Every structure is written in C-alpha cells, then in structure tokens.
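First chain A sits with chain B, and in the next complex the same chain sits with chain C.
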Partner chain A sequence: MFDRVINLFTSLKLTVALLCLGTLLVFIGTLAQVDEGLYQAQARYFKSFFIWWSPAAGMKLPVFPGGYLLGSLLLVNLFSAHAKRFKFTRKKIGINLTHAGIILLLLGQLLTDVLSTESAMRLAEGESKNFSQDFHANELVVVDMSDTQQDEVIAIPESLVAAQKEIRHPKLPVTLRVKRHWPNTDILGKPANGTVPADATQGVGVGVHVRNLPVTAKMDERNLPSAVIEVLKGNESLGTWLVSSQIGQPQTFTNDHKVYQLALRFTRHYKAHSITLQDFAHDKYKGTDIPKNFSSVIRLQNPATREDREVKIWMNNPLRYGGETYYQAGFDDKDPTVTILQVVRNPGWLTPYLACVLVALGLIVQFMTHLIGFAMKRRTA
Partner chain B sequence: MKMFSTLGRTLPWLLVALFAAEALQALRPRAETGFHTREFGRLPALLNGRVQPLDSVGRNSLLQIRNTQDVPLAEKKAWEFWKHPKKLRPGEWLLEVLVRPEQADARNIFLIHHPELLGEFKLEGKGTEKSGLHYFTYAELKPVRPEIHEQAKRLNGVDDKLWTPVQKQLANLERGLTIYERLKNSLRPEVSDDFAKELAEFKQSVPAGMAAVRAQQEGKEFDKEALDRFAKPAQHYYLVEQMALPLIVPPAQPEVSRDNWQNAGANLMEVIRGGEVHPAMNYYAQMASAYRQDKPDAFNRAVEEYRQWLAGKLAPELRKSRNEFFFNNLLPFMRAMIAYIFAFLCACAALATVAWARWSEMFRRSAFYLIALAWVIHTFGLVFRMVLEGRPPVTNLYSSAIFIGWGAVLLGLILERIFKIGIGSAVASLAGFITLIIAHNLSMGGDTMEMLRAVLDTNFWLATHVTVITLGYASTYVAGLIAILFIVLGVFTRHLAGETAKILTRMVYGILCFATLFSFTGTVLGGIWADQSWGRFWGWDPKENGALIIVLWNATILHARWGGLVRERGLMNMAVFGNVVTSFSWFGVNMLGIGLHSYGFMDAAFKWLMIFVATQALFMALGLLPLRLWASFRPTKAAPGDVPPMGGQEKPLPSTG
Partner chain C sequence: MRMNFATSGRPTSFVQRGAAVLCSALWLAGCGQEEIRVYKILKEKPPVETARTSPHEEPAEDVHYTVPAGWTEQPGTQMRVANFSIQGKDTEQAEVAVMPFSSLGGTDLDFVNLWRGQVGLAPIGEVELSKYMERVTVGEAAAKLFDVFGAEAASEAARKVRTLVAVLPRGGKTWFFKLAGDAALVAEQRPAFLDFLKSITFHEGDANAAHSSTAEPPPAAAGLPQWDVPGGWQEQPPTQMVLAKFLVTGDAGTKTEITVSSFPGDTGGLLANVNRWRGQIGLAGVGEAELAKLVTSLDASGGKATLVDMTGTSKATGKQVRLLGVIVPRGGSTWFYKMLGDESVAEREKAAFIKFVQTVRYPNV
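Showing the complex of A and B:
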C-alpha cells in the first residue's frame, strides 16, 4: 500500500496529469475573468484549493482542483520524484537545475501570495504622507486625537463591521453598535430610485440617502462600503453616525471631554518614513493621447535613519525602500498634479529572478547535451 | 541524362535569380517626369506622435478608409492578373486631397458593403462594385453625409463590444469620412484657389485688419474693407487649425524642441497673434498653387527648395522620412510573401514527386534556395523597420506576426539544412506565408509604427522578454506544423513508411525542447518586467496566463514523452494542439479585452481564430485514426520499400562528370 502511494507520488503520470489539469485550469480561469473580473477570478480559480460550484443555494461542490492544490501536488510530485531517483550525474545536471528553479519559483510565489501586500499612495504636489492605502480592504477607525504629537488609531477590519453586531475593545472607551452595513454604496443628498435613508442622528449622515450597489470585481473599480454606527457609552447612546469610504470629511464624537474621530476608510498601512511629492510629470506624444511617460520626483524622509533625499520614480523604474517597492502606477484624470504610487511589500520578490536563471541554465544545459550528442552521432554516421 | 542533371542543378538557381532580380529592381532609383509626386511623398510631417513621410500619412489614411494602400484608377476583375491598371500612389492621392479636393471627391475610396447600410442611406445602384465590395466617392456620399454623422453620433457611449455588424461598419465609415474631411483641410482651406497669392495678400492685410478689429471692439470707427479683406481668410484658417490632421509645419526652433510641430492652420493663425508664417507654409503654398494651375516646373522647384531648406536644421527628420518612404515603397514583406508561396508549391512538388528522385531533388532545392532568398528579404525588412523605429523587433501585434514568421522560417531552414527531406522547407515556407498574410491583415488598422505607451517604452524588456517569448511562439508553431505534415503525409501517403517518421519525430521533439526553453524563459522574464513596472511578478493577467499555458502545455508534452505515455502519434497530436494553445495566447487573449496587457482589442480576427481551431481539431481527429488506417503504416501485399522513403533523398545528385 505504502509503496503504491510512493509510486503514485513519484510517477511521471501524475506529473503529466497535473500539468494537463494546470493548463486547463489556467485556460478556464482566464476566460472566467471576462465575467468575474480579474480579482475575483484569481481568488476563485488560482488562489484556492478547489473550485466550488453551487448548483443550489447553500450547496457547494468541489468540481475542479484549484491553483493551490495543483501547485502543491506538483511540488510534492517533484520533491518525491527527486528524493527517490535523485542522482548527481553529469547527464542529470540540466534536469536537476531546471527542477530546482521550478521549486524555487513555486515556493517563492507561495511566499508572495501569503506575505505580500499591495496598497497605493496618492499624493498631490507638495503633499506628504506616511501611510499607503489598501486597494480592497477597508477599516472602521476610532482615532484618539487628544495627544497633539501623535494620534492613537484603533482600527477594526470591515469583516467585523459586516457582522452587524456590537464591537468592544479594551482600548475602545465606547461600544460601537453596527446597525447597518452595505459592502458597496453610493451616498446621495436626496432620495432617489432604490435609496434608503441613512438614519443618522449626528454628523454628515443626517438626512442623506444610501443606495446599495452590487459588489464590483472590475479592475478599475472598487467597492465603497458604508455603515450606520451607534456609539454607546455604557447603555447611553451618544448618537448614530453614517460612516463610509465615500465620505472624506472627518466626523467626531466626544466622550469624557476627549474628541474622537470616527470613520470607515480604506485600510491604511503606516510607515516609519514619509514621502513628499515634489513634482509629477505626465507627457503625451505630440498630437496624440498616447502617454509618453509619467514620473514622480519625491522626497524621502526617515527620522530614524536621518535620511532626507530626493528620488525619481518612473515607469519601469521603481524605488525599493524599507522592504517595500514604490511604483509609478497612475495619475488622476482630473488633477494633473496628482500621482498615484503603488506600494508593494513582497519578501519573496527576488525568487523569480533566481528561478529564471536556474531554469534557463538547466534547460540550456539539458538541450545542449542532447544537441551535441545528436550532432556527434550524425558526424560519425 | 546529362542534360537533365544540368537542368536539375541550374533551374533552382534560375528561379532564385528571377526573384532576386525582381527585388533588386525595386531598389533602383527612378527618375520622375511631370509633377514630382514621389519627392512630395518624401517630405516629413508629424502624425500619431511620430515624424513620418507624407507618403505614410496618405498610405495609413487610405488603409483606414479604403483598406488598400493606393487607389486604382481603372477596375479590373480579380482574376485578370495580367492587367495592371494605373493607380494613384498614396503620396499622389494625398496631394490631390490636399490641393485638388474636387478631383479627390470623385475617387472611389469609401468602402461600404453591408446591404442594410446601403439601403439606409439610399446608396443602392450607386458607386462601383468590385468582387462584392461597394466603393463610393465622397461626392456620392455628400448628400447623406449629415445623416451618416447623426447615426454615428448615436454610437457615442455605447460599449463597442455591443456594436452590431451594421454599427461597426457605420463607425468605420464615419471614421473614414472624418479622416478624409480633415485631410482636405490639412494644408489649405478647401475653398482656396491660388493659395500662394491668397497667403501673400493675407499677410499684407493683417496690420490694417487687426487695427480695424480693435477699433470695432472699442466702438470706434473702423475700416470695413480692411476688416473684410482680413476676416474672411482668417475664418478659413481658423477652420484649418481646427480640422487639420497631420502636423505639416516643422518646429521653428528645432534646437530648442524637436517636438514642436504645428498644423498649417495653427501656423497661419499665429500671424494674427503677431507671429510669422513659417517658411514651410510658403513652400507648401507654392506647391499648392502650382499643382492647381498645372505647372509641374514650379511645383517641382518648390518641393526641391523645401527639401533643401529642411536639409539644414531638420536633417534628421528629413532623413527619417525619406528612409521610411523607401521602406514603404520597397514592400519587402509582400515580396517575401510571394516568394514563400512559390517555395511552398516547390516543396509540395518535391514531396509529390518523391518517386522520381531527380525531379524531387530539383524541386526541393528550388524551394530551399527560394526560402533562403525570401528570408533574406524578410530579414532586410525586419531590420529596416527596427532601425526606423529605433526599437527591438517586436513592438505590437503586427510586428509580432512578422517576427514569428521570421523565427519559424529560420528554424525550418535549419531543419532542412540538416535533414534535406523537404519537410523543413514545406514548414518554413508555409509558416512564412501565413504569418505575413496575418501581418498584412493586421496592417489594415493603419500605422504599424505607432509610438509605444509609457509602460512599453523600454527597449531592454522589449528586446529580452518580448523577443524571447515570440521565439517561443514561433518554435511551438513549427513543431505543430511538422506534426500536421506528419499526420497528413502519414494518413494519405506512404511517405512515412521508412525512416521519415523517425526523423519527423526527432524534429518535433527537438523543437519542442527549444519551445519550452524560450516560452519558459520569456514568460518568467515577462513576470520580472511586470515586477519592475507594476509591482507584482505574477498577476494572472490574461496575457500572462496565455504565455503560461504554452509553457505548461510544452512541459506536458515533454513529460508525457519521457514517461512513455505517448509515442510518435500521440506526440504529433499533442504538438498540433500546441498550435491552438499558442494561437490563444497570441490572439485569443487580446480578444478578451481585459487586464493590463490588453492594448489592442480586435474582434474581426475572432472568426479566423475559430476557423483555425476547427482545422486543428480536424487534423487531430485524423491523427487519432488507428494506425492501420494510415496509408504509410497500412500492411500491404507488396514488400515495403517499393516506394523509396524520403530518407533516401539525402544523397546528392550525381555530378555531371
């Protein structure tokens, strides 16, 4: 029995089957992007162990192996095959190098998937920031602004808000009761088709209306969630606020003579350094709308290391700093002084570089050995 | 016998000499009589963000309007290949549109073939019909022009993926008409007659005219005559400023900025703002008047003087536009395409006459030499384009087709050089022909040397990732084509009865190894580029996935072969499927129109992709027939070896001695 399992996991048949399934999975997952959007299809097909199908509400059937499952099976297959048959001979150098590269690539991607975070930093010329904002995640925050030097931020992920229950936290002086939560909304000043009143008693939410929108998965759109929050001190209500990622103005409540800010906003990732946009250039080719280049000149300041320097970030030339990489990602159609930098933290970013070298080297060695052998045979023939 | 071997050796060379002579005569400079319209076509202008000759302006406009690069002046039937009706070359046509619009209005250039559209605009019975395509003149469309515009306006804001075929054609027609109308107002106002004289008078009228305008605005008394003399042309020039398409006026101070091209109207309006008429405008005005008044000498002199003027400060621009003109008129890819198809016929003849060794060898050699020549021309075109653009070979879908063809032909040639059985030639010529046909159709979209958007503007990654991955496509296709030949020859002929089957298997296997190397390295390099520009190595973007599918599929084939899961026939069928996979990656993903990579959305090609997939499925179905039904492997009563196997062709022809 054990032998049979070993044989299965080390067999080339399994490799072929997995590769075939992989080809099919990538194909299906690509087509699915048309309807489901890049982000959603990615999560459903590639960053999953199974692809689930629900023929009826409440029923879920795994119908196809997902990317994680195929990837890990391939890894197991590769490892066990090499463990069983590994020989360090000259003939095998190519294959071994190639497979080592592929293992590194797969592990590196796993590392990336688990550990990397992507966010964006939007800066107008002259503006400074020490945080970037998440692309997808939102957070409910209560900010204690009593310290003039530094704000204290208590952040609650949106998933807890979505449960629509009471939220308590040792650092939180009050209880937050989530009365309503919508994952994607549009806030309007007056009632319209499909809107509901926000029912807030305090803040900008008084008298406004909320339209519930379908959750979007498109590349160039994001969800703007809203929630209605009642702030309770013990059992006493301090009022009800409408918070939303769409609302920019700060809203505050007072508790024990301290002023707190309350907001639902894009999740912020704070950094030890700050970035100031000095100049943003966006050129187009003469007489066309084709972008020629974008570039941002920024000032990087880090009090801990006493760094204060100017850096230019442009297309294909990112800044790597503090374990993060800053890319020139976009611009604002309406405001020519605004740059959008993408901020990625990815501890595994170097693995593909190494993997590429290993695999290419391995394949070249392997095929060259064949080719030279073939040429020699022909010559002697 | 001796005569035959002499013929067998010389005929292939004669054939090559014929094609080479035809290509060389295109290089010879030609003297012009009458109006020097070719010289005119060499003058530079700025359009699509790049400096190009007026010839290219005309050519790309015509491609978008008429789907052809010139305007035939007489009709001929499609099969009357011996007839060469006179044509208006793109530069000539552009000159006519710019300066003699009333004549240009009578040319059959607007293509409408949807019957509903013809009915809607009451065009039945009008225009000229050629092989089912209806061409109309601007004069014929003029009465319904407002209606066309109104209908086309309704398309605004409608997602172009939802357009019906009628709407698509309407949009094309509107685009063509707009280009044409803008071109007519790109050098001078359409209503102008003696432009040089009008321009001189206008320059004189400006001071008095402006004074009158100012006086009128301040409510004082003003010279009405001076105002009229000035205002009318000013209105026309304003219209030119708004309408003109190419920027024909070069930068006044090229040493400050080489980008500052202007359109004709903008330059004329500067006079009102206190500026000067650019010397280029004066030369163009002289050309316009001379051409209208039918004075070739004056026209030629103005062109020549302007050229000399440009040769001063704008020498690089002039050189570039003259080089591009040369390239446009050389048509290297068209010439290579014709040579490839001849070579393919020769290669087929070599395979068909395999029972007559000498004939077969003669055809095989003809095919091989001809492909080599075509490949040299192909390479020349490829390199010339690269130099013109200052770019690596692949920058867009069009150039990827050119480059895939180039790589596939090279691989086929190498195979033929090694194995000498005609298969390499057959594959090379077919691949060259098909890819150049595809490129030709892609060029119908207009300018194929458009500027690269910011993210692509990096020669390093274009040279590494794009080149390597395109070679991956090319080699996968070559393996697939050999596999198709294996199936066709195996099922229908006895070619594979001998050594040939083994040789083909070895070829496919070897090429798949290279395909894996190229596609893997190319894909990972692409990931690294994405890491440099978007901050992630892999984003499951359709284009990335397409490349990954090729890698996975090639790896599947190789592992299946190593594991003994497939043998010859299985390997071939898998390789044919590789064609489908590669086409999906090359074209299919662009049709999905999503993701960061989707720079070129196109849907006309979808039909062809489906047809291609269907043919590949057919070949695979053939390949799945049991071996006893294959002509090559069917047990026969006659002893094997009746038909000489292709492998026997490796011996050279006996020498004449």
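Showing the complex of A and C:
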C-alpha cells in the first residue's frame, strides 16, 4: 500500500495530469475575473484547495482542485521523484539545477502568498502618516487611550466580526457581542428603501439606518462593512454601537474610568518610520486628460535610525525601504494635492529571480554537457 | 534528453522529512486563522499648524468635580468636556453637560432666548430676564444660573422639559454647565446640580480634559479639524452624523443653521449631493448640464472645493429658505459644509461662511 502511494506521488503521469489541470485552472480563473473581479477570482480559484460549488443554500461541493492543491501536489511530486531517484552525477547537474529552480519557484510563491501584504498610503500635501491601509481587509479596533504617550490597539480581523459571536481577549477589558454584521453597506440618516434601523443606543449610530449592499468585486470599488456591537462589562451592557468603515471618526466608550475608542476601519499596517508628502506633481499631456507623469516628493523620517531624507517616487522608480516597496500608484482626480502610494511587503520577492537564474543555468549546463559529449564522440569516432 | 522516472525502490527518510516540512507550510498557507493583534502606537500628533483655537482655546484648563450619586458619566464629545446621564423614575431622563466656548457673541438675554426657543418657548425681554436668573457659585466663583422652564407654555411638550444653565465667564472663555431633561427630574436633581457646581475646580493642564474625583481624564477626541468660529455663530452640540453645528440668529429672531459633516469616499459624487440638497429645499433635481451653472469653484485649505448657492422653500415652515453648501473632497473623505435658513441671514453670513470653510485646518489623519 505504502509503495503504491509512493509510486503514485513519484509518477510522471501525475506530473502531466497536474500540469494539464493547472492549465485548465488558469484558463477558468482568468475567465472568472471578468465577473468576479481579480481579488475574488484569485481567492476562489488560486488561493484555495478546492473550487466549491453551492447547488443550494448551506451546501458546498468541491468541483475542481484549487491552486493550492495543484501547486502542493506538484511540489510533492517533484520532491518525492527527486528524493527517490536522486543521484549526483556530472551528467545530471543540469537537470538537478533546473528542478531546484522550479522547486524554488513554487516555494517562493507559497512564501509570497503567506507573507506578502499589499496596502495603500494616501497622503495629501503636508500630510504625514506612519501607517498604510489594506486594500481589502477591515478590522474592528478597540484603542486604550489612557497612556499619555502611547495608545494600545487591539485589532480584531473582520472575519471574527462576521462570525457574529462574542469576542473576548485577555487584553480586551470588555466583551464585544457582535449583534449584526453586513459586509458592504451604505449608512443613511433616515429610513429609505431597503434600509434597516441600526439599533444602536450610543454614538453616531443612534437613529441611523443601514442599507445592505451586494458585495463588490470591482477593482475600483471596495466594500464598506458595518456592524452593531454591544459592549459588555461582565453581564452588564455598556451600550450598543454601530461601527462602520464608512464612519470616519472613531467612537468612544468608558469602562472603569478609562476611555476607549471603538471603530471598524480599513486594516492598518503601522511602520517604524513616517512619510510626509511634500509635493505631488501630476503632469498631463497638453490639452488632454492623459497622464504624462506623476511623482511624489516625500520626506522619510525614522526616529530609530535618525534618518530624515527627501525621496522622489515616480512611475517605475519606487522607494524600497524597511522591507517594503513604495510605488507611485495613483492620484485623486478630485483633489490634485493627493497622492496614492502602493505599499508592498513581500519577503519572497527575490525567489522568482533566483528560480529563473537556476532554471536557465540548469538548461545551459544540460545543453552544454550534451553538446560537449556529442562533439567529443564525433572527434573520437 | 531522456528522463528516467522508474518507480522502484523504497522511500528515503529525506522524503518523509521533506513531506513533513511541506505539510507544515501548506497548513500555514491554507488553514492559518486570522488572529487578534495587540500593538502599541505613539499617540498621533496634531498637525503642526493646529494651535488650539475655538471652541476650546488655549491656555488650557482641566476641570475637576465630584460626581453626585445617580449620575452616570458618559464619554466627552468635541463640545463637551464632561457629560452625564441621569435616569429618573419610569422613563424620566436628564443630562448634564460641561461646555467651554470661546468667540461667542451674544448677551445673557440672547442665550436665554436661544434655549427658550429650543424648547418652544416665546422669547422674553430684558426686564423679565431677572425672573429667570439667580446667583450661584461654580467652585469659588460667582456665576449666573438660568432656569428655562415653560410652566406657562402653550404646548404640553414644552411644559414637560426644563433646562438649568450656569454660565461662568473665565479666562477668555465662557463655561456652560447645563442640566436638561424631564421637568420633574430636573427639579429633583437641582440640589445635586448646585452641589456639583460648588465642587468644580479648575487646574492648568491638558485642553478639554475633565476629571471626576474618581475618574481618569478622558482624552480629547483626535482627528477633528480646527476652525475659527465667526462672531455671532453659536456653537451647538453635534448630533448624529454631524461633527459640528452652529446657529446664527437674525435681527427678527430668524435662525440659520450651519453644519459640518464628513464621510469616507465621494458619497455618490457632486451631482447626487447637490440634488440631495435641492430636495431638502423643495427643488427638483438637475442634470449634469444644469449642475455646471449652479456650482462655482472655491479654493479652500483642504484643496479645491465646490460651492453651491440655492434658494427654495422650507418643508417645515413653507417659508423661503436659502442653502449654501460647500463640498470639499479631501484625503479619501468628503467634507460637507451647509448653511441653511433665513435668506437675509444667509446673505449677511455668506462671506463669513465661505471664509470659515476656507480656513478650516484639517486633522492629520
């Protein structure tokens, strides 16, 4: 039995089958982007073990292997075949190098998926920030503001809020009972078609109404979730708040004479350094609205390293700092003083380059070994 | 080139080790749950240019007090440095607020008539004012206490509510200590309120910080803009979705309201918002073509702004009203400034309103 499993995992047939399925998956996933949008299609088809189908509410059936499953099976297939047959001979140096390159490529992609983050930093001229905001993720935060120097942030991912249960944590002085959660909403001051009362007893949500909107997958839109949170001290309710990524200002509650901020917001990624936008230039081709060039002059300050310098970021000339890359990503067509920088943290960014070098080197070595061998044979013949 | 994929031989320990490492990595990628993060950040600094101005002007003072029994402390707001709720019998409710304001024009009579107007009472004259006023002490200072109660009011609703306000001018600011709510409960809480006033002490310290005898100071809400309030604009407590609210009273007692609000995104765009405002004053919606004729561009501190000036009819009173609105898109949010009310007051205050919008200093968030 064990031998059969080993035989299956080391078989070339499995490799071919997986590559065919992979090609099909790329084709289906690419087509799906038209309707589902890039982010959702990536999550559903490539960043999953299975593609699920729901024939009826509450039912889920796996109908096709997802990217994670195909990638990991390919990796297992490659690893086990190599481990089983690995022999260090001069003739096989090229093949081994090429396969090492492919393994590195697959592992690098896994590393990128697990560890990379992409976010945006939106700055108006003169504005300074030490955090970027996630493109998709939201978080419920409780901020302890009692210290005079620092704030303590307890950040709860939206997925835990969406479960609509009680949230407890050793650092949380209260229990948060999630009474409602909507993944995408519009908040209105008065009732309208399709709205429900927020049922908040405290804060800005008192008397307002929430309209549940379909979840958007469009590249130029994002979901604005809302939730109704009851704050409990033991069994005693301190009130119910409506929190929403649409509400700009954090709200507050008091517990044991301490004031806490409560907010649902775009997930923040804080940095050890701060960036101040000094100047933003947005040139267009004369007489048109077509962007010619846009660039941001920023001031980078890091108190830990005492760095304080000016950097220009423009198209194809990002700033690489602190393990992150800051790209000039966009502008606000309504506010000419606003720049949008894309902030990418990808610890595995070097692996595709190394993998390509290894594969190329392996192929060259393999080809040259055969060529030299062939030439030698002819000479001796 | 021929690749040999023969399938004989036993697995090696290398295979097992490799598989174990791989499985761990895949588990991390596929099954890793999102978790609660806890971290500390330095307090966000206010923007360089935000020297504190109205409504809470420097030099800053703390206010300390003793909380009477039965009062529940509520979080402070932008306008209120201290805030309490009182629950009476059945559904009776009252609230206490401590509000320091500066740049306030107006006399005692103006204030009293403003509060009377809020509960539906007719304005009174200078002569009658003394009937509604008495001397009290706030801490060790002498102050005036105004009793706004309409026992004689025509409407039943007006007879049910009562407001007591102690007014203390101090260090360039005017401090208001307000007890308002159901008339019976306010009368019952009056001795406790007077004791509360006597317990007040002021200390040099952080702006807007309030201390009860047992409480830590609630830090001021961060992220709100700073502005200079034009003379004659009376600051009102903010309401739902409204960050700040001001009231201007005309010569004939007519009122015009100024509100400031902010929402993320473009909230539907310029056309949708102008049409929303048009609907509020009984005007029909317009298309893109007519929109261009209605709006003018304005240079504001927050960037390019759009001004719209429209006259329509109040749905509540049926009288002619004027609406001046400014929309400022800034840093991913849209700021709305609206002046709505009596036409002559709006005309008189238009320049001050535009200057107010142009000089707002936005938070560094």
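Keep in mind that, in the parts below, the second predicted complex is superposed on the first by the 311 of 381 C-alpha atoms of A that agree within 3 Å, B and C clash if a C-alpha of one lies under 4 Å from a C-alpha of the other, contacts with A are read in each partner's own complex, and residues count from 1 in each chain.
Heads up, the rule we're going with is that contacts are C-beta pairs under 8 Å (C-beta built on N, C-alpha and C of every residue); 3 or more make two chains touch, one makes a residue touch a chain.
All figures in this text were calculated on a predicted structure; none of them were measured in a lab.
**Student:** Touching A:L38, do we find chain B (first), chain C (second), both, or neither?
**Tutor:** A:L38: touches chain B, not chain C.
**Student:** Quick one: is A:H370 in contact with chain B, with chain C, with both, or with neither? Answer first, second, both or neither.
**Tutor:** Both partners, chain B and chain C.
**Student:** If you stack the two complexes on chain A, which partner ends up touching A:G234: first (chain B), second (chain C), both, or neither?
**Tutor:** neither
**Student:** A:A155 contacts which: chain B (first), chain C (second), both, neither?
**Tutor:** The second partner, chain C, only.
**Student:** Name the contact category of A:V338: first (chain B only), second (chain C only), both, or neither.
**Tutor:** second
**Student:** Of the two partner chains, chain B (first) and chain C (second), which one does A:F294 touch, if any: first, second, both, or neither?
**Tutor:** Once the two structures are laid over each other on A, A:F294 reaches chain B alone.
**Student:** Is A:G58 touching anything from chain B or chain C once the two structures are fitted on A? First, second, both or neither.
**Tutor:** Neither partner.
**Student:** So, does A:M145 touch the first partner chain B, the second partner chain C, both, or neither?
**Tutor:** After superposing on A, A:M145 lies in contact with chain C but is clear of chain B.
**Student:** In the overlaid three-chain picture, which partner chain does A:K171 touch, first (chain B) or second (chain C), both, or neither?
**Tutor:** second
**Student:** Pick out the shared contact residues on chain A: the ones touching chain B in one complex and chain C in the other.
**Tutor:** The overlap between the chain B and chain C interfaces on chain A comprises residues 11-12, 366, 370.
**Student:** Quick check on the complex: what are the chain A residues that touch chain B?
**Tutor:** 11-13, 15-16, 19-20, 22-23, 26-27, 29-31, 33-34, 38, 41-42, 46, 105, 109, 112, 116, 118, 219, 284-288, 290-294, 315-318, 325, 327, 329, 342-344, 346, 349, 352-353, 355-356, 359-360, 363-364, 366-367, 370-371, 374, 378
**Student:** Hey, which residues of chain A end up touching chain C in the complex?
**Tutor:** Residue positions touching the partner: 2, 6-7, 10-12, 49, 68, 72, 75-76, 79-81, 83-86, 95, 107, 110, 113-114, 122-124, 126-128, 130, 145-146, 148-157, 159-160, 167, 169, 171, 187, 189, 204-208, 224, 245-250, 252-254, 257-259, 270, 332, 334-338, 366, 370.
**Student:** Which stretch or stretches of chain C touch chain A in the complex?
**Tutor:** Where chain C meets chain A, its residues are 1, 3-7, 9, 11-12, 14-15, 18-19, 22, 25-26, 28-30, 32, 34-43, 47, 73-76, 212, 214-216, 218-219, 221, 223-224, 240-241, 243, 262-266, 302-304, 329-333, 364.
**Student:** Considering the complex alone, what residue numbers of chain B touch chain A?
**Tutor:** Residues 46-50, 247, 259-261, 418, 450-451, 453-455, 457-458, 461, 506, 510, 513-514, 516-517, 520-521, 524-525, 527-529, 531-542, 545-546, 548-549, 552-553, 555-556, 559-560, 562-563, 565, 581, 584, 589, 592-596 of chain B touch chain A in their complex.
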